[in-house]
Structure formats: structure tokens, C-alpha cells
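Each of the next two complexes has chain A plus one other chain: chain B in the first, chain C in the second.
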Partner chain A sequence: MEAALSSKVAEFMTALDQVKKYKTLAASMTDFVLIILGTVVTALSVNISICLSSLFIGKYVGFSIVSSSLIIVLFPAGIIVAVFWVRHRIKSITIGQWKNKLNEGAPGALELLQNIQWDSIFSDIRYAKLGFFLYEIAKTLVYWVFAAALLFVFNGLVESVLHMTINYVVVMLVSLVVVLVLSKNDLHKRYDQMGRLDWLLWELRWFESEFRGANFEA
Partner chain B sequence: MKVNSGEPISKPDLYVLARIIKVLKDRKKLNRTTLATSTGLAYDRLVKYLDWMSTKGFIEFDSNGEVLLTKLGAQTYDRLVDWILKYVGKVRFPKFSE
Partner chain C sequence: MKKVWLLFVLTVIIAAQLTFTSAFHSASEHCYVSGTSGVFVSKLNYASMRATIYISLSYKSAPVLLIFPNGTQIEITDNYTLDLFLPRSGDVLGSYSTGTALGISPASGDYQMLSLSHNHPIDVDVVTLPSSFLPWLDDGIFPEYFENIDVYWFKIQGEANIHIDGYGMAI
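For the complex of A and B:
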């Protein structure tokens, strides 16, 4: 019976660790947006500097190629750095500290349950849900802008070779559809996780109210 | 045997209670100093708990003053585990993917 209790409390604490991870993911959204904005500012600064330099030196074509290449490299690099930074932050959080306590058996399990800061847990779950939603929107927007930029480059090539122009609205719509189709699984996973966080919130609310009101007669 | 003359415990901390019983279950019988070390409790606090537990019949003292767990004490521990499991066992945790 004690083993069953330890196993159930381990399940409990693992779910709380997962909330901690999700909360970090939500908190990383600010970093993600800042890195992307930093990349945009850097790319624009580089572009402006190169264009200004070309005015003084007078060789625009060569500078233009360098400028375009730098921007093409900078944007994906910024996205990769942002995504990896978020992953790094999630991986660096400490979880599973409760395992030693749980090795004590029932007393450890009881202490873990008694020491849970319920209000903080409930607020973390709500924060994680909101963060999930905003993070996914931010990520989709960034991918959309990147896909649209690629399509504009492609459009430029088509225009120069075939003298045909694709409507900008069509480019934006096509890039959005491409991004949504490619991120379909990810979006579905996030939606599913938000539902599971709701489920967890309800279960924990029930447990907290029952456990707090319960009285063990020794 | 009266083990403490200080202020008695009115409502024990279940965690402390469980720890004392758990150690006594594992080690059979112990003197109070060793029990305090094993449970990580201050001696004075342990003595208060032992006093309370002896009035409830969870423990008894042998002629050397060593603490022994009674059958009732062992049953109380099992009831406590069962009681926690009754609540925790009803919670259905969702499976989260990475």
C-alpha cells in the first residue's frame, strides 16, 4: 500500500514538474519575441549601413547582394537562436527534487502534499495556459513572416526571369497556409496540452478542497 | 512512564507522527536520543510527541526506557497511508507530452 502511495504521489509531483516546465515556456515568450525583434533590428541596421556605404563608394550591385545575403542568413539564424534559447531555458529548470523525499515512504509523501503551495500552483497553470497560447501565436507569426520573406524572394526571381508578378496578398495568404499546414501537428499538440492543463487544474482543485477539509483521526 | 512535563500536543503534525512510527517500524525499538536523531526531530519536540503517542497507545516503553511501537501504532500508520491514498488515488492526472 505504501508503494502504491509513493507511486501515486510521484505521478502527482511529475505533473507539477510539467506545470513548472510549461510556466517556463510561457515566461520564455518574452525572450523569444525580444530575440526576434533584435534580429529584425540588426538586419535592418546592416541593410541601412550597407546601402549608405554603397552611396559613398558607388558600387550598389555588389553591396546589394551582400546586404540581401546577410538578411537571408540573419533571419533564420535569429529564429533558430530564439527556438534553441527557449528549449535551453526549459531544460535548465530543476525538476524531480522531490524524489529523495519520496524515498522516505509515506512520511515523505505526506510532507510533499502538505507543503504544496496550492495558490501558486493554480496561478502557474493559468499562466502556463495563457503563455502557451501567446507563444504559439508569436511562433506562428514569426514563421509566417519568414515564409512570406522567402516567397517574396522567389517572387523577385520569377519577376526577373519570367517578367510575371504574383500579387502580394496572394504571397501573404500562400505563406500563411504553408505555415499553418507545416505547423499543424505542433498547433494540435499545444491545443491538446492546454486542454490537459485545464483537466489538471480541475483535478487539483478537487484534491486541494478535499484534502484540506479532511481530518485524520489518530 | 511519564516522559514529558511540558505543554502537551493537542493536534499532532501527521508528518512527524508518520516519521516516528516509520522509524520505529523499521528499527523495532530505540532509545529516545537515537529516535530523535533518526527522525531529525529536536529532542524536546520528540519527547512531547512520544508522550502524546503513549497516551494514545501507539507506543510503549520497556524497562530500559526504550521506545517500542505497539500493534495499534502500526495499524494507525497503515490507516494513515490508506487515508492519504484514498484522496490521492482519486486524482486522475493527464499525460503530458514534451
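For the complex of A and C:
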């Protein structure tokens, strides 16, 4: 009986750790967008500096070549930094601190359950769901812009070599399709995780109601 | 909360940077000339402009003559590059700032030269009929045009390939 209780509580605490991760992921969305915007500001600043120096100092550099090079170098760098920063934040979360307490047996398990702030957990799950959704949209948008920029550069090459131009609307649509196809598995995974969060929320509500109504005897 | 303000500030900075970037313009021209031609670099006076003129001789044995408005003549026997900067020299108000195009054509030319407007404040051209074009510039037949533009020009005699890269900022 005690082993079964410990096992159930361990399962439950693992789910709560997962919520903690989701919440951090949601909170990281702001960091992600900040890093991307910072990259754009940097790229534009460098671009403007080159334009001004080309004009007033006199070292003429092809405007389009410099802009394209900046997009090719700076923008991916920004995306990589943003993604790694989010991963770093998620990895730095301390989880499993409850394991020592759970090793004490049934009393430890009950103490863990009694110390849970239920309202805060429900709020965290809702926040995680919203942030999760926004994070995925932001990430897809950034990848889309990056793919479109690469396609525009490719379009420029096609134009200069073959004297043919691809319609801008087609470039945008093709880049969107490419991004959606490439991130299909990721989107599917995130969708499943959001479904699991929904499920977890309902299970926790049920558990909370049962837990509050139960009388435990030591 | 601080991050939200940072997001706001970055968004404002990007909007300002994009607006500033739209002030930069470029123009280029590439053509083959023979006989007497005119090379023109022009801008609305509120723009600053830099132009690089590359002259490649078709035949090294046949020198090309550059004749400047002040009478100076340079004979070139090898490829030649001319870098020039036209500074901002005034403001354009009224219709010019609302996008009205200023166009000047050679008297017997087929197409317009010195096409300047608020959306296209710098221009580079090579005119193959300078004799019909230059009186417009020298005689000041349309002084209202030349109050608002700066034109740098010279004549070129001989066979050459001319490539002009113009780059400017209009604020």
C-alpha cells in the first residue's frame, strides 16, 4: 500500500516537474523574441553604418550584397543563440528535489502532497499552455522570415544568372510551406504536449478534489 | 515587466532604423559610348551623393578625352576611375517633397534624362547627344529646375565602356 502511494506520488511529482519545464519554456518566449529583435537591431545598425561610411568615407560597397551577407550571417546566429538560450534555461531547472522526501515513505509522500500550492499549479499550467502556443508561433515566424530571406538571396542569384525572377508572393508562400514541412514533427510534438497539459490539468483537478476530501491516518 | 518595456523599446528602434534606411538610394548606369557623349551625375539638393565612374577603354591605342565644364581636359590612355561626392546643398520644399518628378530630356533624345523625384532623388546618366542636352543646362532655360538640383557633368570623346555607381542619402 505504502509502495503504491509512493509510486503514485512519484508519478505525480514528475508531472509537476514537467509543468515547471513548460512554464520556463513559456517564460523563455520573451527572451527568445528579445534576442531576435536584438539581432535585427544589430543587423540594421551595422547595415546603416556601412551605408553611411560608403557615402561619407567613400568605400563603396554594393548595398544589396552587404545586406544579404548580413542576413546570412547575423540572423541565423541570432536564431541559434535564442534557441540555445531557451534550451539552457530549461536545462538549468532543478527538478526531482522531492525524491529525498519521498524516500521517507508514506509520511514523506503525504507531506509532499500537503505542501503543494494547488491554485499556483493550475495557474502555472494555464500560463504554460498560453506561453507554449505563443512561443511556437514566434519560432515559426522567425524561421519563416529566415527562410524567406534565404529564398530572396537565391532569387537574386537566379535573376543575375538566368535573368528570371520569382514572384515575391510565391517566395513568401514557398518559404512558409518549407518551414511548415520541416518543422512538422516539432509542431506535432508541441500539439501533443499541449493536449497532455490539458489532460494533466483535469487529472490534477480531480486529484485535488479527492485529496482534499480524504482523511489520512498516520 | 522590464522585459516588456525592453521589447517595446527594441520595436521602436527597429521602426526608426527601417525609416532611416529608406532614406538611402542607389542608381547605376552602364553603357558603351563612342564619339562625343556626356556623363551626368545629378541629385535633388537635399540629398548627399557619392558616385564612382569607371571608364574602360575599348582600345588602349585610342585615347579618350574627358572635357570638364571649366575647360580642363584630361586624356586617358588606360582604364580610369573617378570618385566624386556631391554634398547636401539645400532643402526642397513644396511639390518636390510630395513626389513630383523632375524630368529633363535632351532636345532630340528619345527618352528622359535626369529623372529626379522625391522617390528617386539621385540619378546617373550617360547622354549620347550632349550637344542638344547641354544648352538646357548651360543657358538656364528652366532656372526653377536648377534651383533644386545639383548636376555634375563632363563630356567624353572616344570609345569606352562607362559604368557609374551612384549612392546617396536623402534627408
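By our rule, the second predicted complex is superposed on the first by the 205 of 218 C-alpha atoms of A that agree within 3 Å, B and C clash if a C-alpha of one lies under 4 Å from a C-alpha of the other, contacts with A are read in each partner's own complex, and residues count from 1 in each chain.
Everything below uses one rule, namely that a contact is a pair of C-beta atoms (placed from the backbone, for glycine too) under 8 Å apart; a residue touches a chain by one contact, two chains touch by 3 or more.
Because the structure is a prediction, the values reported are computed rather than measured.
Per the definitions stated earlier, placing chain B and chain C onto a shared chain A by superposition produces no clash, and the two fit side by side.
Contacts of A:L173 after superposition: neither chain B nor chain C is touched.
Shared-chain residue A:L44: touches chain C; no touch with chain B.
Put simply, more of the residues of chain A are touched by B, taking chain B and chain C as the two choices. When the shared chain is aligned, chain B comes close enough to touch A:A4, but chain C does not. Contacts of A:R196 after superposition on the shared chain: chain B is touched, whereas chain C is not.
When the two structures are aligned on the shared chain, A:I80 is found in touch with neither chain B nor chain C. In the superposed model, A:L130 makes contact with neither chain B nor chain C.
Using C-alpha centres, the superposed arrangement gives chain A a vertex angle toward chain B and chain C of 160 degrees, stated as a multiple of 10. In the superposition on chain A, contact of A:A106 is made with chain B only, not with chain C.
When the two structures are aligned on their common chain, the gap between the nearest CA atoms of chain B and chain C comes to 27 Å.
Those residues of chain C whose C-beta lies close enough to touch chain A in the complex are 3-4, 6-7, 10-11, 13-14, 17-18, 20-21, 24, 26, 48-50, 52, 83, 85, 165, 167-169.
Here chain B touches chain A in the complex through residues 12, 14-15, 17-19, 22, 56, 58, 76-85, 87-97, going by the rule given at the top.
Interface residues of chain A facing chain C in the complex, by the touch rule stated above, are 30-31, 33-34, 37-38, 40-41, 44-45, 47-48, 51-52, 54-56, 58, 60, 63. For chain A in complex with chain B, the touching residues are 1-2, 4-5, 8-9, 11-12, 14-15, 18, 104-107, 109-111, 113-114, 189, 192-193, 196-197, 199-200, 203-204, 206-207, 210-211, 214, 216, 218.
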